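Following this line, the structures themselves.
Both complexes shown next keep chain A, but they swap its partner, so chain B is in the first and chain C is in the second.
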Partner chain A sequence: MANKIRVATTSLAGCFGCHMSFLDIDERMLQLAEVVEFDRSPITDIEHCTNCDIGLIEGGVCNSENVHVLREFRNNCKILVAVGACAINGGLPAMRNHIPLEECLNEAYLDGIGVENPKIPSDIELPLLLDQVHPIHEIVKIDYYLPGCPPSADVFWKFLTDLIEGREPSLPYELVHYD
Partner chain B sequence: MSKTITIDGKTIPFEDGQTIMDAAMAAGVYIPHLCHQPEFTPHGSCKLCTVKVNGRNCSACTYPAMDGQDVLNETEELIEDRKRITQMLFVEGNHFCPSCEKTGNCQLQAVAYHLNMLDNHFPLFYPDREVDASHPEVMIDHNRCIFCTLCVRASHEKDGKDVFAISGRGIHKHLIVNAESGLLKDTDVAATDHAAHICPTGAILIKRTGYQVPIGQRIYDHQQIDQVSLATEHPKHGE
Partner chain C sequence: MRQFIHGIAENNHYQATHLLQILRQIQSRYHYIPEAAIEQLSGLLSIPRTQIISVIEFYSFFHLTPRGRYELLISDSITDHMLGKKDLLDYLAKKLAVAVGAVREDGLVSLENTSCTGMCDQGPAGLVNGYALTRLDRSSIDKIVELVNQQKPLDEWPKELFLVNDNIYKSGLLLDRQMEQGAALKSAFKRGVKATLAEVDKSGLRGRGGAGFKTATKWQFCSEEQQSVRYVVCNADEGEPGTFKDRVLLNSYADQVFEGMTVCAAIIGAKQGFLYLRGEYLHLYDKLQSILNQRRQNGLLGTNILDQGLDFDIEICLGAGAYICGEESALIESLEGKAGIPRNRPPYPVTQGYLGKPTVVNNVETFLAAASIAVNGGDWFADIGTEKSKGTKILSISGDCARPGIYEYPFGTTIQTVLNDCGADDVLGVQVGGPSGTFISNQEFDRKLAFEDLATGGSFIIFNSSRNILDMVHNFTHFFAHESCGFCTPCRVGTSLLQKQIDKIVEGHGSAGDVVALEELCQLVKNYSHCGLGQTAANPIITTLERYPDLYQNRLKEISYEPGFDLDGALTTARRMANRDDAGAHLAQTDAFGSRPVASLPPSLAVGE
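Up next is the complex of A and B:
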């Protein structure tokens, strides 16, 4: 089918829990696949976004690569969606915002219990960490937000079917949870 | 003839001495609020109960009802204002619901749900705040304090203890406890105190009780705060 709605997804500083929850739409995925085609996403392994209708972003921004990916999505997606607590407020990774980055690295790679060959990774291929984790609306314009940790499968379904069927997306009380 | 005000066009009777909030609640009309509890002296600090009285914004919890007042409550503009206020409360502290044991029972969260708040709108502050877990039964997580002063008022007016107070101004405002060490363990707070149970967020918690009710089965998981508030804070409407 031509003119399928193109959807891209990614997880930045997230745990892929939102993606797992999205997959919980179960057999409804088949219905979705009739009208939707996935672009860049862990589901397809496509490495870079092309022009898309909808971009779903899980996770906040914790390193330079996250910033690049987020901007690539913004440049290529007509509608960009913050999915889940971490994309919306930084979530669990943002708990490091109260600890200096050096202390975090020391604890993880030098002084932590059970660390072998203590050395802070410095390979040039590794993206540099930001001093703080940020929600994605601080970096690019976000069009819609799906709260939850993770948002339930029904949240994804309600949101996507609203958009696909040409309605302004809305979440009723039962579907709005921050936990 | 009894005196009346109108709220969103509905005629509401009141008695002298009642605030707009008192009259509204007695009539079963919900006005969102966090720092207000009918049993304590109104404080008017959270501004969520902002209503338009004869064209001017006022806090319903402190503003006296007067005959003939035209009050607007559920207008699009006021709902948007309240959403922005709630977003400011969220970004000013560290409110991470998935890791808070109050989630589902939290009034701050419930008001946000009620207003269909889906995002924070503002940049987050991520302020550095402490946790005081020194007391064997009661703890304070300052990350979640919204300075509503309900604990201050409850401790003073109901427990007769003055365990809590607010110190500092503006962005430096913070909750303090009545002990030279600054620690809760050195105060005379008890888990049975009214003040230990009044917090609308997860800032003051009773230890070892947080997960007795599973997430998903908590107060606001299935009920909106307007219904809960009218039923519990003004019981005659919950019967």
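Up next is the complex of A and C:
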């Protein structure tokens, strides 16, 4: 197939749990591979994305590198999707939002129990932390949201097949209720 | 302290239902609720300490950490802002050398914003240790700062600082004359209580809090319940910003309000009544108590009232700074000494109210009207008004007009008439019914005050053409986010998201998609919230978006997207701590894509093309 749908994925301030859940579509991955090719993604090792159709973003935005990556995806993906609780709300990493960043860094690098050679890292290679962790829609425009921690494999499957087959994606109630 | 707390608990008969009243006294004495007091109360009242802490955390006037010995609160109502509140607050903070929200290092004084204190006709207003301050200006603030620094006891402060005027500018059916004490009860007994209920029914009186449920029907339902104990509750938790009529009614017509409650008790067969008075009206408390005492002495309260075999008494319970307690089921929770979280309805309070017993909850004005109807009969009332809204409505008028104050109008009066009477020129629009009500533009002044057109609990805030409507929306939206009780997610999270999104647009970071997102959020909060607070919290945005879409559009940037906060600023702490300032240590607010004009975006996002 000449024009495969190009999909890129990444995890920002996330745990890769959403990616793992995506892989749980199991053998359906083969079906997907017939119509889709992966661009930048942990499963391809491509470093930068170019001209994609769909970008799947896991995790929120906690540092400057997350901002750059997110913007690269926005610039290169026609449709950008917030995948999972952290991308949508900040999730677990955002629990630090209640504590001033200065206290977090002091605890981690200066005052914490067992810290040796206390020093705040300052290498220019390292991204700086934002004072708060943000959901990704506060940084760039997001087109769709896949809820869940993580969204189940069926959620990925339903969403992607809807998009690929030209339907407006919709998730039935069974896929998004959690109790 | 142990002795003090034991004394209060004893005076309150060790009843957990009196928790709010007990905590008010502790807060007033120590300026916070000490941990030791919580432990002790937990034992004395036989309730878990966590329950006490949840109550302390729920109400704005209770604190777990010490506030100043002079606790200054400045009203944050939009009407106070229109009278220059922001400058005054800055001035006060500077003069006192204390930041807003903080306690001064010497512990003498603390300063904080508070929701509308019900002095919109004589603001900017505030509270010092719970007592209302009015007409604040630079000279009165100079005086207050001096008194605080001299540590003068509150009762030695000049009386004019605390002067509260009624400002009644137009009276009608109800306010025209003072009723003679006991007149309504005598008429009711003479006619018979059943016949009196029939008169209330005939009058067409509907609840004056805003919802407009038929009063006689409510009383009838309550009296028909198969229970031996019933209660009457007067809702004087007048928290809707811009409303202050109940303050005036309780200051000058309290006897009649109490009489209305007693008539209700006679009809439904209640022995106990409560006046739930908002904490902001503490200045009325002593006066109201003495009126109750006087009524007891005159045989109008207590046992065997007017020798008719009716036993009934009224207790005053003070609130502690929570708008949500104006919702009747939240109010009942609060009366029971708990956090004011609205109950599921049904069951309605008429079947299961205070302590699970049938309870009538009515507005101050409703009881006032009921007392007049008991004297003058139903026709006297029903002759005035419209077909569906009988009688008169008492309005609290504030904002841009020559004579802010209290006005009584027959239902069916047009907004234009009201504006003419209070001296409002060059009007841009009116917020009718407070933040939870409706904003009407100057194209709609032929609309009428009535349940079938513009229903209102009485708040009527006028904006002239020099005002920015988005400032008002911003203020109201923050108000709801602050007052959400936190029980249900659509309201707790939704009102905060509304606040964030409106801030983004007002501060000029919005783009086309943001208004769409705002509209969707409004519908979500409105349709999925548990009680009226959440269901109306989006009204300021919905009603103004409908009328002034351009106001919102003009604030938007013509780009596809920009973050609502200062992205580079968010790196400041990390930059400082890592001691960096290289290019990699900074972020641009938007990138090439984000700053593209909206029009240049591809019209379709179809995949695989």
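In the analysis below, the second predicted complex is superposed on the first by the 176 of 179 C-alpha atoms of A that agree within 3 Å, B and C clash if a C-alpha of one lies under 4 Å from a C-alpha of the other, contacts with A are read in each partner's own complex, and residues count from 1 in each chain.
Simple rule for what comes next: contacts are C-beta pairs under 8 Å (C-beta built on N, C-alpha and C of every residue); 3 or more make two chains touch, one makes a residue touch a chain.
Fair warning: this is a prediction, and the values are worked out from it, not measured in the lab.
Novice: Report clash or fit for the pair chain B and chain C bound to chain A in the combined superposed model.
Specialist: clash
Novice: Give one of first, second, both or neither to describe whether A:Q132 is in contact with chain B, with chain C, with both, or with none.
Specialist: In the superposition, A:Q132 contacts both chain B and chain C.
Novice: Please indicate which partner A:P151 is in contact with in the superposed arrangement: first for chain B, second for chain C, both, or neither.
Specialist: Neither partner.
Novice: Is A:D179 contacted by the first partner chain B, the second partner chain C, both or neither?
Specialist: In the superposition, A:D179 contacts chain B only.
Novice: So in the superposed three-chain picture, is A:I79 touching just chain B, just chain C, both, or none of them (first/second/both/neither)?
Specialist: The second partner, chain C, only.
Novice: One more residue to check, A:M95. First (chain B), second (chain C), both or neither?
Specialist: Touch partner of A:M95: chain B, not chain C.
Novice: Using the touch definition from the top, say if A:G59 reaches chain B (first), chain C (second), both or neither.
Specialist: So A:G59 meets neither chain B nor chain C here.
Novice: Going by the contact definition given at the top, which residues of chain A touch chain B in one complex and chain C in the other?
Specialist: 132, 134, 138.
Novice: In their complex, what parts of chain A are in touch with chain B?
Specialist: The touching residues are 82, 85, 88-92, 94-95, 97-98, 132, 134-135, 137-138, 142, 144-147, 149, 170-171, 173-174, 176-179.
Novice: Once bound in the complex, which stretches of chain C touch chain A?
Specialist: Result: residues 513, 560-561, 563-565, 567, 570-575, 577-580, 582, 584-585, 587, 591-594, 602, 605-608 of chain C touch chain A.
Novice: Looking at the complex, which residues from chain A come into contact with chain C?
Specialist: Within the complex, chain A touches chain C at residues 3-5, 53-54, 64, 67, 71, 74-75, 78-79, 100-102, 105, 120-122, 124, 126-132, 134, 138-141, 143, 163-164, 166.
Novice: Across the complex, what residues on chain B touch chain A?
Specialist: For chain B paired with chain A, touching residues are 90, 95-100, 103-104, 109, 112-114, 116, 118-121, 123-124, 126, 128, 215, 221-222, 224.
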